[in-house]
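I am attaching a structure below and will ask some questions about it afterwards.
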Amino acid sequence: MTASVVDLLPNLLRGATVTVEVTVAAGALALALSLPVALARMSPAWPLRVIGTTYVEVLRGTSALVQLFYLFFILPLLGIRLDPLPTAIAGLGLNFSAYASEIVRGAIAGIDRGQWEAAHALHLSRAATLARIVLPQAVAVMLPSFASLMIQLLKSTALVSLITLSDLTFSGQALITTTGRPFAVWGLVLVIYYVLSLPLAWASNRLEARATAYRARPAGAI
Amino acid sequence: MSTEPLIRFRGLRKAFGANVVLEDFNMDIADGERIALIGPSGSGKTTVLRLLMGLDTFDGGEIEVGGVPLSRPSEQAKLARRQIGMVFQHFNLFPHMTVMANVTEAPRRVLGLSNAEAQARATGLLRMVGLEAKLNALPRQLSGGQQQRVAIARALAMRPRIMLFDEVTSALDPELVGEVLRVVRQLARESGMTMLIVTHEMSFARDVSDRVVFMERGRVAEQGPPDMIFRNPSNERTRAFLQAILER
Amino acid sequence: MPFDLAFAWSILPDLLRGAIVTAEATFGGMALAMLGGLLLALGRRIGPPPVAGFVRGYISLVRNTPLLVQLYFIFYVLPLAGLSFNALGTGIVTLGLHYSAFLAEVYRAGIDAVPHGQWEAAQALSLSRRDTWRDIILPQAIRPMVPVFGNFLIGMFKDTPLLATITIPEMFGAAEQIAGDTYRYNEPYTLVGLIFLLISYPAALGVRGLERRFGVH
């Protein structure tokens, strides 16, 4: 058993590097899109709000796997040919940007109104208030949620095996066919996913503790 | 004092839904005048400050500052408002910034001061409020009274001509009230700024102001010099209010 | 890109037949997860230390690994252990086990939110532990959980397409089947996406209504 587990590992670890690549790239895409989408949803201009809300609700309301298949099979019909890797990154990145933007929106909305008012009373512009006063505080609140979202993303990358990308799950399937040892292979795949999630879980806990300390009530205030 | 009022409220009206907070509110304030706004909660005192600062919009009437109407957004209105500073009941310090950064942020961003200029100005103001030792502290490391004094220094750093104080001691533990009131008293004596002070501290209202304005149901019910209002109010409601407060 | 309405119309019955399987899997999985989550939460809270430790490890492992791989694991490994369900049964069991780990945390938070004074009051009335749990604590704990359960139900619904990978003919599987047979991808996948949206968006609005009603932020 030990010997054969060692035999399985190199293949699975090659797949795991693809899993990590997709997680990092789709995560970066989701984070990059999250702020503009959140700001659009909170905009005073209604057309922007409608666009932002539609974007979020459509991406959250349809299944991630359906979206991946849509990109994989239907983009080519539109004449856009992407390899499985960019398709996977775009599909998961867009899907998770909807959830990430809700985290951003919630964090911004959670900032005390008094902060906006104090900035207004100091005659700071709205943009400066957002950039200097509100976002720095909101980020502290967002970070733990982002870390948990990245765990969700890591798990969702298993879906990319279904659009032929040779990630960890795909490598597992390939090994089942060649070795016929489902218990060892799938057990090992689960363990590798779990190990990959540990740094994110650790970060989430640390950031949560920090954010909680940050929110502690100031002394002397009632 | 010049004869032309610096601030003028004309038939001001503000409602939140069905709740009318100000109705035909009129008041003139001369340059350098110090006004204490008193009255029962819900009488509209805080709303007057918030409308003047532009934190809420009003539904009718007009506010003029230096002759500039504030009802429509304009570059002039923006510049007129820039002469106003405000201190809040809950301090509203920026929790992620040090004391120094709280005080220098707006002078640097809005007035375009250099870092060194802004820091020199902030250091002087923080010395005045007795917090020169706390320049690098974060707000949460300070007591409520210290935070409120930082908030005063922060507002003063913009060199406002008009200062609004909105119940600045209401959120403080009783033993911390004195240190904040001392700072406001000193400003009233020495600065020459026009001040609008909403407060429930009657002895403070009495000795800090030139004029006491008693508000009720969104209107000025009675106004006059502090001695007159506190010793011999002509309005029955003012009398009842003061009596209730003194019997606390 | 052509979208053939007549073709879309012709495949709709197949997709809706698949949607019935989707509904079976969702509600079956949720029922299992609600029961399993409660058992896990109680095992962690009042079980002896080895049980509590095992439950903690189980929850952590299940929460942090992909549903798809869990599905494969159970689909391929259970038969080796002599347990065999049909594909739909396997799917429901997997959804139930996966989501029970999440719901265990929901139960835990709900139970923790019941004020300590309720336990003390129950003790002062000499209620047994069992009666305290059943009559005092759980009824209060479950009320604010209702909208959270709603959110997980929607989440599970959107995870059901994975079941197609183990040959369960739910809605997405039906779409794949049609696409494979006809080489037409646009109509089946667009319809499936629309059906998901038409069900999950109103459901999400409903959950938000519940949140307001039950006074959760």
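General observations
Per-chain numbering from 1; labels A, B and C assigned in written order.
Keep this in mind: contacts are C-beta pairs under 8 Å (C-beta built on N, C-alpha and C of every residue); 3 or more make two chains touch, one makes a residue touch a chain.
If you're wondering where the values come from, they're calculated on a predicted model, not measured in any experiment.
Here A is the chain whose Cα centre lies closest to the centre of all protein Cα atoms. Taking the mean of C-alpha positions as each chain's centre, the chain lying farthest from the centre of subunit A is B. Looking at A-C alongside A-B, one finds more C-beta pairs in contact between the chains of A-C.
Inter-chain centre distance (subunit B to subunit C, centres taken as mean C-alpha positions): 55 Å. Mean C-alpha position of subunit A lies 21 Å from that of subunit C. With each centre defined as the average position of its C-alpha atoms, the distance from subunit A to subunit B rounds to 45 Å. The set of subunit C residues that touch two or more partner chains is empty.
By the touch criterion stated above, subunit A contacts subunit B in their complex at residues 112, 114-115, 117-125, 128, 132-133, 136-137, 140, 214, 216, 218-222. Put simply, subunit C touches subunit A in their complex at residues 1, 60-61, 64-70, 72-73, 76-77, 80, 158-162, 165, 172, 176, 179, 185-186, 189-190, 192-194, 196-197, 200-201, 204. Of all residues in subunit B, those touching subunit A in their complex are 53-55, 81-82, 84-86, 88, 90-96, 105-106, 109-110, 139-147, 151, 154-155, 158, 164, 171-173, 176.
Subunit A meets subunit C in the complex at residues 57-58, 60-67, 69-70, 73-74, 77-78, 151, 155-159, 161-162, 169, 172-173, 176, 182-183, 186-187, 189-190, 193-194, 197-198, 201.
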